[in-house]
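Here is the structure we will look at, set down as structure tokens.
The letters A, B, C and D name the chains in turn, as written, and every chain counts its residues from 1.
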Amino acid sequence: MRSFEVKNRTSTDEIKSLRLITAIKTPYLPDGRFDLEAYDALVNMQIQDGADGVIVGGTTGEGQLMSWDEHIMLIGHTINCFGTSIKVIGNTGSNSTREAIHATEQGFAVGMHAALHINPYYGKTSQEGMVSHFKCVLPMGPTIIYNVPSRTGQDIPPIVIQSLAENTNLAGVKECVGHDRVKEYTKNDITVWSGNDDECHISRWEHGATGVISVTSNLVPGLMRQLMFEGKNPSLDAKLLPLMKWLFCEPNPIGINTALAQLGVIRPVFRLPYVPLPLAKRVEFVNLVKDIGRENFIGEKDVQVLDDDDFILVGRY
Amino acid sequence: MRSFEVKNRTSTDEIKSLRLITAIKTPYLPDGRFDLEAYDALVNMQIQDGADGVIVGGTTGEGQLMSWDEHIMLIGHTINCFGTSIKVIGNTGSNSTREAIHATEQGFAVGMHAALHINPYYGKTSQEGMVSHFKCVLPMGPTIIYNVPSRTGQDIPPIVIQSLAENTNLAGVKECVGHDRVKEYTKNDITVWSGNDDECHISRWEHGATGVISVTSNLVPGLMRQLMFEGKNPSLDAKLLPLMKWLFCEPNPIGINTALAQLGVIRPVFRLPYVPLPLAKRVEFVNLVKDIGRENFIGEKDVQVLDDDDFILVGRY
Amino acid sequence: MRSFEVKNRTSTDEIKSLRLITAIKTPYLPDGRFDLEAYDALVNMQIQDGADGVIVGGTTGEGQLMSWDEHIMLIGHTINCFGTSIKVIGNTGSNSTREAIHATEQGFAVGMHAALHINPYYGKTSQEGMVSHFKCVLPMGPTIIYNVPSRTGQDIPPIVIQSLAENTNLAGVKECVGHDRVKEYTKNDITVWSGNDDECHISRWEHGATGVISVTSNLVPGLMRQLMFEGKNPSLDAKLLPLMKWLFCEPNPIGINTALAQLGVIRPVFRLPYVPLPLAKRVEFVNLVKDIGRENFIGEKDVQVLDDDDFILVGRY
Amino acid sequence: MRSFEVKNRTSTDEIKSLRLITAIKTPYLPDGRFDLEAYDALVNMQIQDGADGVIVGGTTGEGQLMSWDEHIMLIGHTINCFGTSIKVIGNTGSNSTREAIHATEQGFAVGMHAALHINPYYGKTSQEGMVSHFKCVLPMGPTIIYNVPSRTGQDIPPIVIQSLAENTNLAGVKECVGHDRVKEYTKNDITVWSGNDDECHISRWEHGATGVISVTSNLVPGLMRQLMFEGKNPSLDAKLLPLMKWLFCEPNPIGINTALAQLGVIRPVFRLPYVPLPLAKRVEFVNLVKDIGRENFIGEKDVQVLDDDDFILVGRY
């Protein structure tokens, strides 16, 4: 079902060169539908502050809570509005090979620049099954493979990546396992993006990682750009570490959702099973913003400690 | 769920000015999925030969045989690849108000320039229900309303259109009821596109219609452009009439599907319940092409009389 | 994908013998989801008052406003709760052959006794296409074909039915075209149910129709049973005629939805594009109930003239 | 959307008393659709050999590879055909609260006796989010909560279960964490089913577990019944251990799928990302069958070492 129209087509090499990719938050209206105005503003701030790419509907963007038609629509929307200013990488992965095939085909058809693919989480499979899964989707276009055993329950071992590496569509790996794994890949010329914000600076400058696929950059894209582009800067890295720890005190995207609501750049609407961080943590965030400097965060409103009642949690949407 | 990003945004007035809109055919692969390469070629030929717009997933494009995710994907694809060269009008209408709302919201989100809306066919409703239905979708963007009682079982009376006319998103009406109805609208400054190829020339030049939403232009876009742009030309109109009659000898898109396959610009794949025209009709088509001139039709292959066995009919896809 | 488990399996002959089949109303909760408690009560009243079967998700039951998963769920629910007391016929027809195949396969898998199939409305097709469409679904189980040109825009001619008649799954035809067509079928031993309440008594007793697939029986199942089972009764037929005319003063199911709400047996919730009948008509209904006798109608509450404000219209659900 | 029809309604206490629940395999046709004939045969063998219940579309049954409409259809089918002979527990859990709500509502509407609910895998959430998630679905009917951190990446801590225990719909926990956790629950009167076949006998007889939700019982339901019903039997437990180890040498359901194909009770069709065990392992299985006794396994054909070519792997279905 491929299209050879050249509009928006991107080479694997272009994907390999991206340093700061933001796993962009999906904001919601009070009834749980997408808040596209807020979304557009978020993406525009990423562009303005120097992100190279966005992951649409990643785990941070809550792709796991979207219907596929919502998800593909959001990819198409993003490409249509921002595709000439930023690389758009659709998370069209799934633990179902059928769904991954269908979504990836659709994502490339609406113009996404690359796909992000996870190994089959929860259902899991054998190493051979993993390879078969990825081989179904790799021919469709530039692809980043995502390894996050703490979510999937199963590591993608380097041998799987190596067996796929001859496919010219493989752009690289978003790796969360740690510095040693990063090094193992980069010394074999496999492009790596760190999937751990708190490790990304060292991965980048000491272990050969190309960049980061970041959650924190939703908040402070300019500072994350400094970490990725402007050489070693341990003091900046250290300055951001408490924010990163705060963001991951509960499973992501709980922290980032809470933070963006407190910054006034999204409505305080959560799709369940996500719920906001408790009050004490919300107070902490205000202090973190003060420490790092409000001007380094996106948005222009004062950061606020929201009340429990300010949040809307939606189960049916 | 609106986005205010200006990319591809089109004013209602721009829609009102379109003269030749092609209800574009959706071609298929042998397994029934979209053949996007063939589709892209079809759209490119429309652009090259002077069509102003395309209807994506109209009854000609078999929107009624698409899942909504396929349908929205195709709209997003078309906008992404061709949106700067031609106006893209998504047929996001439905007999279910819920589906019409959802699809129209998604269609505009992926960048379509305008929506085509049908009244609730089959299920039908009261005049008041019809108005309520259209009022749910009109606020979303430029809209063409489509009246084709021979398909819907129910006329949209002028009073319904008039009650909607104050909404600045109403671009006009695709009307199939005949010249008198066309006149009634155009004298009241309501933009009309003829929905009947065999009447469109006279509607345009004698009754004030702005243009046509055409099936025939899938085959002969250049000649249809002449009919719409270059003044009265009864001899050209007469020359095309046998082709138009042939195209509608069975419910559209049976004729156009058969014709495009014979011209070698699409694979001879039909999604059921459509089946090709019989052999005798296929022979007739070859003769019609010769009479009108192969060079006036799209594509470059010789026109062929396909065998029954050449066609693939798919029920599951 | 067939199952040969015998539970609930019904022969075509059993379907052929049904005289009073109610095209059952689907009631809604205020948010537009199904109101299963009200639905169960409606079905129980049908069983109690002598209906032989129900059509689930017919045009009366607003199958056209359901997602397929809702629709199949409702068929499964009905079979599960009532399948030993009444025959459950799922309207798994569609103008898309793919959807008809999928839904019919699923409907029989969850145990429905028979399928109702419409010809491809709106999109329409050739006679050959119509036959191909029906032939895709007929092998799956007992089937009633539904002909209602005023909705579909296309008559199913007798030659189509005859070409399908050798399939032992064809139970018969729900025919809306009139007495002559009914006669044409019954004299050729094709089972017919009238699709027009106002003609059904005469079709039954003078033209050989087996029975009726009725809207009116939602309200007065006992009286409709008399019309179908207890011999000619012109005075009862005449007594019900004003009610039938009232029910069809706007496209069905607008009248029946309004009536059932006024009887207090469903919540006054409409899925758009349906809207209630206007006040004057609602007053008329109260008088019709008085004329015919409240005791002949289902439910036990007083019939009411509801206010405009009592109705809830839902577009998103 | 509840229905109060009593047909098939089951009390939480009845669910609490089930000892042998089989996580039933879903067999496929060569095109990837369900093979309902083979499925029905599998369920019948479970009934005949003494299983008390089946999980429909569990991870073993590959619910993660089903569309929701397939999944609910299969639940409805199972209830309809077998609901009076065996308890039918639908795995209507999801990492999306919306999907879990919708599926559970539909599953109970088609008559399932109980729901199986997983915590939000992959996306994960906070403890508070977990509780909120379960509280959305618990009111709908009898519920078993499933804890399998090796798949979900996140343990459900006892405090979560305790906070839900006052809801009378909570039947108990399918627990995979080990004997200590089992004991912790059973001493607090929380019903537990072992989720680990190799531990279930000891959990049952030494730690108070009620029973097992078993994969192995797909193959040897009679022997598993002995383990659960007939008192301590260490020699039988030991005899089955090699089979259990074999079944879980790769992520389940790879082993069970391979085994059932080798026994000739299902077609050798795999939905990707699952692929069969390699030849050496298939030879091992034949020997295991001989050791344990062919007569203790379901089916009547000779066990076979299938060739690689015998297997069909489907990605699109």
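Note that in this section contacts are C-beta pairs under 8 Å (C-beta built on N, C-alpha and C of every residue); 3 or more make two chains touch, one makes a residue touch a chain.
Worth saying up front: this structure is predicted, and the values here are computed from it rather than measured.
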Other chains in touch with both chain B and chain D: A, C
Same-residue or different-residue interface between chain C and chain D, half as cut-off: same
From chain A, the most remote chain by mean C-alpha position: C
Interchain centroid distance [CA atoms averaged], chain C/chain D, Å: 39
Centroid distance [mean C-alpha coordinates] between chain C and chain A, Å: 50
Where chain B and chain C are represented by their mean Cα positions, the distance between them in whole Å: 34
Residues of chain A engaged with two or more neighbouring chains: 316
Touching residues on chain A, where the partner in the complex is chain B: 1-5, 7-8, 29, 33-37, 39-40, 68-69, 72-74, 76-77, 79-83, 106, 109-111
Sites on chain C touched by chain B in the complex: 32, 59, 62, 64-65, 95-98, 101-102, 120-126, 128-130, 132-133, 136, 149-154, 250-251, 254, 271-275, 277-278, 313, 315-317
